[in-house]
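Each of the two complexes below includes chain A, the first together with chain B, the second together with chain C.
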Partner chain A sequence: MDDLVVQALSGLASASSLFLVASGLTVIFGVTRVVNFAHGSLYMLGAYVAWSLVTHGVFAFAGPFWQFWGGILGAAVVTAAIGAVIEVLLLRRIYRAPELFQLLATFGVVLVVQDVALWAWGAQDLLGPRAPMLRGAVRILGLRFPLYELFLIAVGPLVLAGLWLLFHRTRFGVLVRAATADREMVAALGVNQALLFTGVFALGAGLAGLGGALQLPRESVNLHMDLSTITEAFVVVVVGGLGSLTGAFLAALLIGELSAFGILILPKITLVLVFLVMAVVLVVRPYGLLGRAPQGLHASSGPPDPLLLPAPRALRQLGAVVLALLVGSAWVLPDYELSVLTEILVALLFAASLHFIMGPGGLASFGHAAYFGAGAYAAALLVQHAAAPMWAGMLLAPFAAGLLGLVFGWFCVRLSGVYAAMLTLAFAQIAWSTAFQWVEVTGGDNGILGVWPDAWAQPKPVFYLLALVLCVGGAMLLRRIVWAPFGAALRAGRDSPLRAEAIGIDTFRTRWMAFAISAAFAGVAGSVFAYAKGSVFPTYLGISRSVDALLMVLLGGVQTLSGPLLGAVALTGLQEQLMRGTDHWRLLLGATIILLVVFFPQGLAGAARAAWEKRA
Partner chain B sequence: MSGVSRRVVMTGVLAAPMLARAQAGAPIKIGEVNSYTSQPAFLAPYRNSWILAVEQINAAGGINGRPLETIFRDDGGKPEDAVRHAGELINNEKVDLLAGGFLSNIGLALGDFANQNRKLYIASEPLTDALVWARGNRYTFRLRPSTYMQCAMLVEEAAKLPARRWAMVAPNYEYGQSSVRWFKELLTRAKPDVEFVAEQFPALGRIDAGATVQALAGARPEAIFNVTFGADLTNFVRQGNTRGLFEHRSVVSVLTGEPEYLEPLGDEAPEGWIVTGYPWEQIDNPTHTAFRAAYKARWNADPKLGSVVARDTVTAIAAALRKTSAIETEALIATFRGLTFPTSFGTGDVTFRAIDHQSTLGAFVGKTALRNGRGTMTDWRYADGAKYFPTDEVVRTLRTAPV
Partner chain C sequence: MTVLAVEHLAKSWGGVQAVAGVSFSLAAGEVLALIGPNGAGKSTCFNMLNGQVRPDSGRVLLAGRDITGMAPRHVFRLGVGRTFQITATFGAMSVRENVQVALLSQARGLGGLWRPMAGQKAAEAEALLDRVGMLEQAARPCGVLAYGDLKRVELAVALANTPRLLLMDEPTAGMAPAERIALMALTARLAKEGGIGVLFTEHDMDVVFAHADRIIVLDRGQLIAEGAPQEVRADPRVREVYLGTGATAGGH
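Take a look at the complex of A and B:
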């Protein structure tokens, strides 16, 4: 019993830490609608800056107490300033871009910060000092409990109260709440939005920095803090309801306590628990614990998508030439170049399949890797357990992935916007942890080896041509479906659900089927990838692969059909080149993404189309 | 006479490209794939040591007059990227053999790739037993002592402890799970009356240290077996120290004595833990002292365990290349089986076993201690890897691949 009480206190301390990061994220999203992927990076920077300020004794002149606490607060201020700079230089330029486009920009920031932190603070984990006066422990029911954890338990509610006062008792806060409720109305009333957004972003960044800095006496500061934090912070924000501070607080409590007690019953649940919680909450409450359904008819907040037009003649001719070149490459290029091209083809189909549900379907997926991985695992398991030939694996892949898409999609397509995206992420993480932990069947993180093509397809040019047929064929088929009546119904459901229903379109069913189709094509891409690499690992279903797909679609431009294809080629090609050439590929890739985002806010294909139309 | 000259001409025609590369002076190329950007703390000292070892070999005249050349590639922690680089290294760079790998799954992916493409692969860092046993193949050799070996070394010490009630904490992935499994199995064999009262599997890199420590303490164990490392270890130790988890309890911990893991703990490094590791500042034999001094002179830093692993890998590769007449995969495999080379630990020769392609490199087993505000090892001894294998019959059942 005593153990359980102390366990509950441990859960509270974790909850407080979670809430600090999540509060900043939810404030930023509530006002600016930016899905700030760089929030984890700001958290990491907060911890690193605090370490530097404290260990170098910047505030040592004011005594040991202020040397520490001055450093912590100083780190929050510095991070807030960094946040303001990011907002002014980068995000301010792209608020008018399509929804989620800012995610691409903040992802560029993540990559840049990773390399900068490595350069500035070195590779080794850093251990900060303990907090003065809070070093030891107190006895609670005979068990020792760290004083600092007690302090953290208090910080969460204090920050919540502080933010409540800020939002309810100051003019800035009132404006922030007004902007959260109705951005357009606030703008119409003449409020300086630019200033408001910068302020909010700095506030959110400062909270992230404070959260990171407060971990100093508790955890080592390391280069993996950013990505290990960001997903959990997102989960808390979404479970709580986007933009709701109290919701985030409740969600943090829920997740903190469930983790603390969950490991007592099922020690191995650590990988998946938060995502299980999110899946359950979103299925039961589609807008999180305390979130509210967005106002108005249109679920997304960006400007409506432009009408899809058939490709101009010149583009078709260009496509034919490129295709002919690709076919010809099989006879000309050496093996390695062909294997890179094969990878690009896989990326192309994967991106096209995500675009199918994201563009015409209007439903962003943060977990598309689940279906890619399902295809790869279906093929690999068939090889491993039934020694099946390659064609059988490739045939099974779309059905396995499509089936998974049917199951997950049934839940996901009921939701909209970021909630739907996060539910897809939750399901993808559940699939990932299954692949990761069901060692007897999937081999766990050691994966499945020996998934090589049949003898006839082993020569690189042959396999390349096979990949070309499957991937380009798949992408063209998807394109065909967009123009078919089914695709028209899908786009109608996205643009105006009410009118679509009124003319007899079952929008739920259409989106659900589209989700499954998109999953099936991702599965094809996954199976080709599995045979190209010869092995399958849980990373194929991981978050970073889902993010890759998202980046390709956004980089290319979500509003055009050829965008994702262009994005896939650009991102995969760029990464391959940079990784081979330099250890600083993250910095260069991140910087490139940021520049592309600033100069081509409609994506590469969008920019190309704009240039073409201007010329015509 | 004419017969001889015709054969020379024929060989020359058939092997023209080979010959062009094999002529004296042309470098012997090693393709090295590792997770440089995702694991910089471990792999920077590794790569530095590798570069130094190659420089020293080349300064001394190379391999039979040919210099060694290494082409490094970063896989970013992803097996699929590692495999792509391996393809590029073989097809474009025409490397003579592959090496590297830090994460176990990347080691396995590279091993399988080597098997498929019939190229030699020397795995330096990965720990998983599967690399040489369940999924071992004839093209893959591994240097570092495996999970099994590390556990066997520790069980030897753990069995001497009076403790009977054990709790386990390990990161939630293959390495952590295998370590726990071997430790339980071997300890039960050595001391049948032990019981295992709690297990915790925090997610790698995301330990909820307070709750984990409390869950372990709640089971009232007499001893703890720890597999966590890196940031997880730091957080676990901090919470454990403050909450008194380690008081009056023995702790047995894998890898914690390696400077990579001990140094970040600073003055909070735990004392009296039984660990495997590398007391680099205390090993004062001529070989190791020379290595340490050379490393310090070249990089102005002290060596880490990764530095030893890299240097020994290069030493082994160089030894094999010197012994092999033709730089060609099959000949190299034959040489590597049973190849003996000196380790830079200075503890004598190490052998690549023919039976499972695992080297007999060992580790240092000792206790952690604090000295001048830093963690270090005391009471250590070198545990020769050769003594910590299952019997050959067992190995044959574990390793299914044709030898």
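Take a look at the complex of A and C:
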């Protein structure tokens, strides 16, 4: 009983930290409609800057008390300034771009910040000093409880109260609330939007920085803080309802306590618990606990999608030439190059499968790796348990992945926009932790080894040709479906659900089936990858693989069919080259992504198409 | 023959009784106008007819069959076409494709995964577009069309299932006066030729009095007048709530 109380208290302390990050994220989203992937990076920067300010004694002249607390507050101010710079230099240029592009740009920032932090503070974990006056512990029901944790428990409600006052008692706050409700109207009333957006972004960044800085006495500062934080913050914000501060607070309490008790009660599924809760909340309340259905969120987000046009003759000819070169490579290139090409082919089909549901389907999946992994594991498990031949594994893969897509998709396709994206992410995390924690079946972290092709396909050139047939064939089949009546019905439901239903289209069923088709093709890609590598691991279903697919589709361009193919080649090639050529590949990749988003907001293929049409 | 019969239809939003027990009927080939001042309940009434809004009480009968509360996509299958007050088309698809999708949906051919849509129902789609005067623009995306043209595309789409009932919510809003008359003249002709019952709401009294066979007037959720244009025009209650308030011919 006693330790339950202590556990509850430490849950409250984590809830406070979560709320600090999530509040900034939700305020930024409310006003600017930008889903800021870099929010975790700002949190990490806050922690690093605080560490530097405190350990170098920048505020030491004012005594030991201010040496610490001055450092913490200073870090929040510095982070706010960094946020303002990011807003002015980057986000301001892309407010009119589609939601997902903004997300992509902020992801570029994540990569850049990671390398900058590595360069400035090194790879080792940094330990901060304890907080003056809060070093000790108190006895609660006979158990020691750190004073600093008690302090943190108080910080959450204090910040909530402070934000409430700010939003209800100041002109700035009233404008922020007005812009959250209807930003077109606020602009029409003559409010300087640029200033308001910069202010809001700085405020949100400052809150993230404060959250990070306050972790200094609690845990070490390291380079993994950004992604672990952003995932949790997304969960909190989505569960609470995008744009709702009170919702974020409630959700932070829920998630904080859940994590604290989850370890005691259900240690087997701790990794998945948070995402399970998010999935349940989104299924029951599609817009989060206190969120409201987005109104006109997409209406003003840029010009209408361009028409889907058949590829011009020249592009078809180019495609044929490339295909011929790819086939010819099997006889010319050495084994290593062929396995790199095989990987690119797998990436190509994976990207095409994601594009199918994202472009024509209008549903951004942030967890597409789940179906890639499902295909890979289906094949691997069949090999391991039934010693099945390769063709059986490759045949099973699309069915297994498609079935998983049917189950997860039934929930996901009901939602749209960011909520749908987050639900797909939640399901992917559930799939990932199943593979990770169900050690008896999946081998856990060690994966499944010995998933080799049949003897006839063992030679690299043969397997490469097989991959070429499956991946290019799959991508062409998907393309065919987009042009077929089913694809038209899918695009119709994306463009105007109201009209689609009025002419007899079951938009739910259409999107659901499309989701399953997309999953099945991702599964094919996964099985080819499994046999190419000879093994499967939980990372096949991980977030970073999902993000890779998203990057490929967005880099190439959502609005053209050739976009994802180009994106897959560009990203895989870029990663390969950068990782081999430089230590700072993240910085370069991040900067490349940012530049591409700013200068080619329609993606590479979109830009190429625009140039082509101008010429014609 | 009665195409549409509405019996004691009612709907309230919160505490506001938007539609309070409205009954009327519509014969095949008849063009019926539903008019009334802003907030009279026209749109709510309209949206209950094709299942977009579920009525609190009352019945909607399509050629004798009860379709109350049926989902829009099922109502479509029974032969109801509709256009929207704010046009709803597929912006990233061409005008021709918009009509093709509707035609294929009618023929239950939208499940096809292999044969490209381009070659399916294209001639039929173009015939429909020709009827509404949109053939020249068949290859343009709907996303870039002028508003009046979108209204015409919507009409072509609504005609794709050879409907017996056509519901048109402000079909001529956003069009030039000459275009309005032309579009409604076309609609009236289609109704007569095909025996289609047409129900439309409209703010433009020129259009209403020129093309409606009969008019029903709604005010604060209730039917206050019904009859031929001349009778309605002369009705003192209608003049009081509607025409007498300054909303004269051609106004909005």
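In the analysis below, the second predicted complex is superposed on the first by the 607 of 616 C-alpha atoms of A that agree within 3 Å, B and C clash if a C-alpha of one lies under 4 Å from a C-alpha of the other, contacts with A are read in each partner's own complex, and residues count from 1 in each chain.
We take it that contacts are C-beta pairs under 8 Å (C-beta built on N, C-alpha and C of every residue); 3 or more make two chains touch, one makes a residue touch a chain.
A quick note: this is a predicted structure, and the numbers were derived from the prediction, not measured.
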Determine, for the superposed arrangement built on chain A, whether chain B and chain C clash or fit. fit
Of the partners chain B and chain C, which touch A:Leu308 in the superposed model: first, second, both, neither? second
Check the residue A:Ala492 against both partner chains and state whether it touches chain B (first), chain C (second), both, or neither. second
Chain B versus chain C as contact partner of A:Ser228, first or second or both or neither: first
Mind checking the angle chain B, chain A, chain C on Cα centres after superposing, to the nearest 10 degrees? 160
Where does A:Ser329 make contact in the superposed view: on chain B (first), on chain C (second), on both, or on neither? neither
Hey, is it chain B or chain C that touches more of chain A? B
Applying the touch criterion given at the start, work out whether A:Ala484 contacts chain B, chain C, both or neither, answering first, second, both or neither. second
Is A:Asp506 in contact with chain B, with chain C, with both, or with neither (first, second, both, neither)? second
Minimum distance between Cα atoms of chain B and chain C in the superposition (Å): 34
Considering only the contact definition stated at the top, list the common interface residues of chain A for chain B and chain C. none
List of chain A residues in touch with chain C within their complex: 303-308, 480-481, 483-489, 491-492, 494-496, 498-506, 510
Contacts from chain B onto chain A in the complex sit at residues 36-37, 40-41, 44, 73-74, 76, 78-81, 83-85, 87-88, 91-92, 104-105, 108-109, 111-113, 116, 128, 130, 135, 172-174, 177, 199-203, 205-206, 208-215, 217-218, 230-231, 234-235, 238-239, 242-244, 263-266, 268
Inside the complex, what are the residues of chain A that reach chain B? 3, 6-7, 10-11, 13-14, 118, 123-127, 136-137, 143-146, 148-149, 217-220, 222-224, 228, 232, 259-260, 263-264, 267-268, 270-271, 334-336, 339-340, 343, 436-437, 439, 444-447, 449-450, 452, 529, 533-535, 537, 539-540, 544, 576, 579-580, 583, 585-586
Give the list of chain C residues in touch with chain A in this complex. 50, 71-74, 76-77, 82, 84, 88-94, 97, 100-102, 104-106, 109-118, 120, 141, 143-144, 157, 160-161
